[in-house]
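Below: a set of structures, written as structure tokens.
Both complexes below contain subunit A, partnered by subunit B and then by subunit C.
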Partner chain A sequence: MSSRTSPPEERSENPATPPQGSPNRAPRGFRTNTKYGRGLRPLSIATIAALPLALALVFFYAPIEAEEGFLQKIFYLHVPLAIVTLCGFVIGGLLAIVHLRTRDRQWDLRSYVAIHMSLIFGVATLITGSIWARGSWGHWWVWSEPTLVSFLIVMLLYATYQPLRFAIEDPERQARYASVFAIVAGAFVPLNFLAVRLSTEYLHPRVLGSSSNLPAPMAFTFLVSLVAMSLLFATLCSYELMAKRTRMLLKARSRTLGFR
Partner chain B sequence: MTLLATSIPGSSNNGYVAAAYIVFFTIVLVYVAIMALRLTRVERGLRELGERSEDQPANEIRERETV
Partner chain C sequence: MRRTVGALLRKELLVELRTLESVPGMSLFAVTTFVVFHFALNQNTVSGDEAAGILWVTLLFAAMLGVNRLFVADQDQGGFDAFLLAPVDRTAMLLAKAIALLAYLAVLELIAVPAFGLLLLAPPLSQTMPDLLVVLVLADIGIAAIGTLVAALAVQTRARDLLGPLLALPLLVPVVIGAARASSPLLVLTHSSGPQGRWLATLALYDLVFGLIAYAVFDFLLED
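Here is the complex of A and B:
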């Protein structure tokens, strides 16, 4: 066990056995030809274009809802955030499956970044949801509401991912155990979602499904918001992966040259 | 956004909408700022590495690489 809380790329190499040979040699289990930053520029441009478009549609195109009024505008932010968060957790699990199948640690790194980013988006989902609940229901949180509590359970479950990961010193074991956790937790997410959908008593409005009857301008705005949020998620993941890989290569290079 | 939200008449909930969007963009901004700080650190490391490898004779580095 270790109290060190550095990200996986900083622990990916055993300091006692520095890499030899090529100065650009990546740590064990990583391919050197992986380009994490590939596609970052078009993704960034698409995100920069999509976010203002979504905001413009939310505030100037989508009609004001009859019951909730202007407060309903939070829906275009909160729901895409929640969907992207849950999808990110599932994607983290799928990437972990690829890691366990291939034993290639780049997949573990991708899984870690997807879960890490989903946690950030999840915090934003919880805060924006609470703000909406306060405006709509008069309470910041309603414990009897299954949708809220189930999302909190998912968040608390994933909050244990990083402590679990960084408590393991051996990088190989760390990656393997984290992948197993990501798969099990990733499978829990859709099951949890289904269980809540089957629940009969709820206050939380249904957005997707046969019961939802969004007018076309609202549905279009929601779709654009969802695309913008997904693009933001993908861009930030790509950015984080590129930064981690750059730091990893810099460390490997420094060690090879015997500087530290 | 706050201006936009507060300028719409007839609703007492405009502040909540503004708060939700401000919270979201603040989280994204903080994240990007943290990443920018890390990038600065990487840049500094890269510069140091370049300077130190320039200071050392090439054959010394080559010897170390082959050990």
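Here is the complex of A and C:
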């Protein structure tokens, strides 16, 4: 279990085998580290401001929907979560492309963090979606709803990302294979939605794609929630990245200083 | 390029002919699964959606057996190293393996589909065969492309037998959707219409896209 939680980049930072450009390696590491740290404060403040604002708008500003009543408010949580999750998966794939092109392991770490965070957001999406389905259709799970089904398939695929990744020992190969997976899975996301959408009759009354005909206050609330959720995603990703960088740096330092 | 693929494919088929590791196992598994379905569903004959579902689940799981074995010999006996030493395009490996897997699937279906007609299917197989053949070919191309890619990904991992199917099944869900929906109107008693064009188009599009993706990323799986 401990090998699973260890960040993928960690083992590469062994000062005993420095890669090219090693003379200024340590200071460069510090610079990148402070760069993460610098962006973090405004990002965190923006998130802390945006999330309560979004929730306040959801509960006090957005009108109660005529058909579904109060339950419809979960829409402002569920749909932004789903959009951010899927975008996170696709971004993970794009970052993996950059990794394979540049061979800079930083990009693999970013891709890993994006997919890891998307998985967590994805679980939240499935839970909120299930609650919504129970409330409005009376069932926890509905097969006739293509977005829900495709989302589950995507989650099942991405659930194998970490088992695949941590079943490969060599760190360089681990990064390469994880990137290949991230690219394939990233391309799978839209295709799968297409196939599942085709396979079910479109019976869903509202949601995704129909946000254009939402009344203005609802559309505004939805947009603010989407922005808040994206900010939350970005902040959590930056925190995870910085934590991994810092832990790596500490290990490298303690190794050079001879601590064990 | 063509000569390399030819040589690799020849080696692949020769190894399979001499060891008989994949194809007999896959075929036997498929036939046994039909028997299991007979008892599990407690039905003597099936048709329509049910028949399409049983056929495709069986073919898919039988294909997984072949996918799991696809690169094992190369990994265990240094086939990868020998291939990487040769000054040839690495895509040749992908093409040869995918064609070999396609051939395995063809042989599997040559046995499994008649066995399905004999054991479980209610309508006679002869009338549906020409249409069903189109669906089988399109689905097989998709399974071969994704199967080869996933096999190459999984073979380097510790739990390769476990990860192969885990990775492949979600990726193949769209193929199953397309293939099952396209073949279910062919497997009813009064079979009147051919497969719906949109399912064939979905399958073809999926084959094309994943063929291109496999072609694009396969090189990165073979570097060390």
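For this structure, a couple of remarks:
Definition applied: the second predicted complex is superposed on the first by the 212 of 260 C-alpha atoms of A that agree within 3 Å, B and C clash if a C-alpha of one lies under 4 Å from a C-alpha of the other, contacts with A are read in each partner's own complex, and residues count from 1 in each chain.
Throughout what follows, a contact is a pair of C-beta atoms (placed from the backbone, for glycine too) under 8 Å apart; a residue touches a chain by one contact, two chains touch by 3 or more.
A quick note: this is a predicted structure, and the numbers were derived from the prediction, not measured.
Superposition model on subunit A: subunit B and subunit C are shown accommodated side by side without a clash. By the touch criterion defined above, A:176 lies against subunit C but remains apart from subunit B after alignment on the C-alpha atoms of chain A. Between the C-alpha centres of subunit B and subunit C, as viewed from that of subunit A after superposition on chain A, lies an angle of 130 degrees, to the nearest 10.
Once the two complexes are overlaid on the shared chain, A:107 sits clear of subunit B and of subunit C alike. Of the two partner chains placed by superposition, only subunit C is touched by A:168; subunit B is not. Using the contact criterion defined above for the overlaid structures, shared-chain residue A:233 touches neither subunit B nor subunit C, since it reaches no partner.
When the two complexes are overlaid on their common chain A, residue A:135 makes contact with subunit B while staying clear of subunit C.
Touch criterion met: A:188 reaches subunit C, while subunit B stays clear of it.
Once both structures are fitted on chain A, no C-alpha atom of subunit B lies closer than 26 Å to one of subunit C. Partner subunit A is touched in their complex by these residues of subunit B: 1, 4-5, 8, 10-11, 13-14, 16-17, 19-21, 23-24, 27-28, 31, 35, 38-39, 42, 45-46, 49, 52-53, 61, 64-65, 67. The residues of subunit C lying in touch with subunit A in their complex are 149, 153-154, 156-160, 163, 166-167, 169-171, 173-174, 177-178, 181, 198-199, 202, 206, 209, 213, 216-217, 220-221, 223-224. Put simply, subunit A touches subunit B in their complex at residues 20-21, 23, 55, 59, 68-71, 73-74, 77-78, 81, 120, 123-124, 127-128, 131-132, 134-135, 232, 236, 239-240, 243, 246-247, 250, 253-254, 256-259. Note for the complex: subunit A touches subunit C at residues 100, 153-154, 156-157, 160, 163-164, 167-170, 172-173, 176-177, 179-181, 183-185, 187-188, 191-192, 194-196, 198-199.
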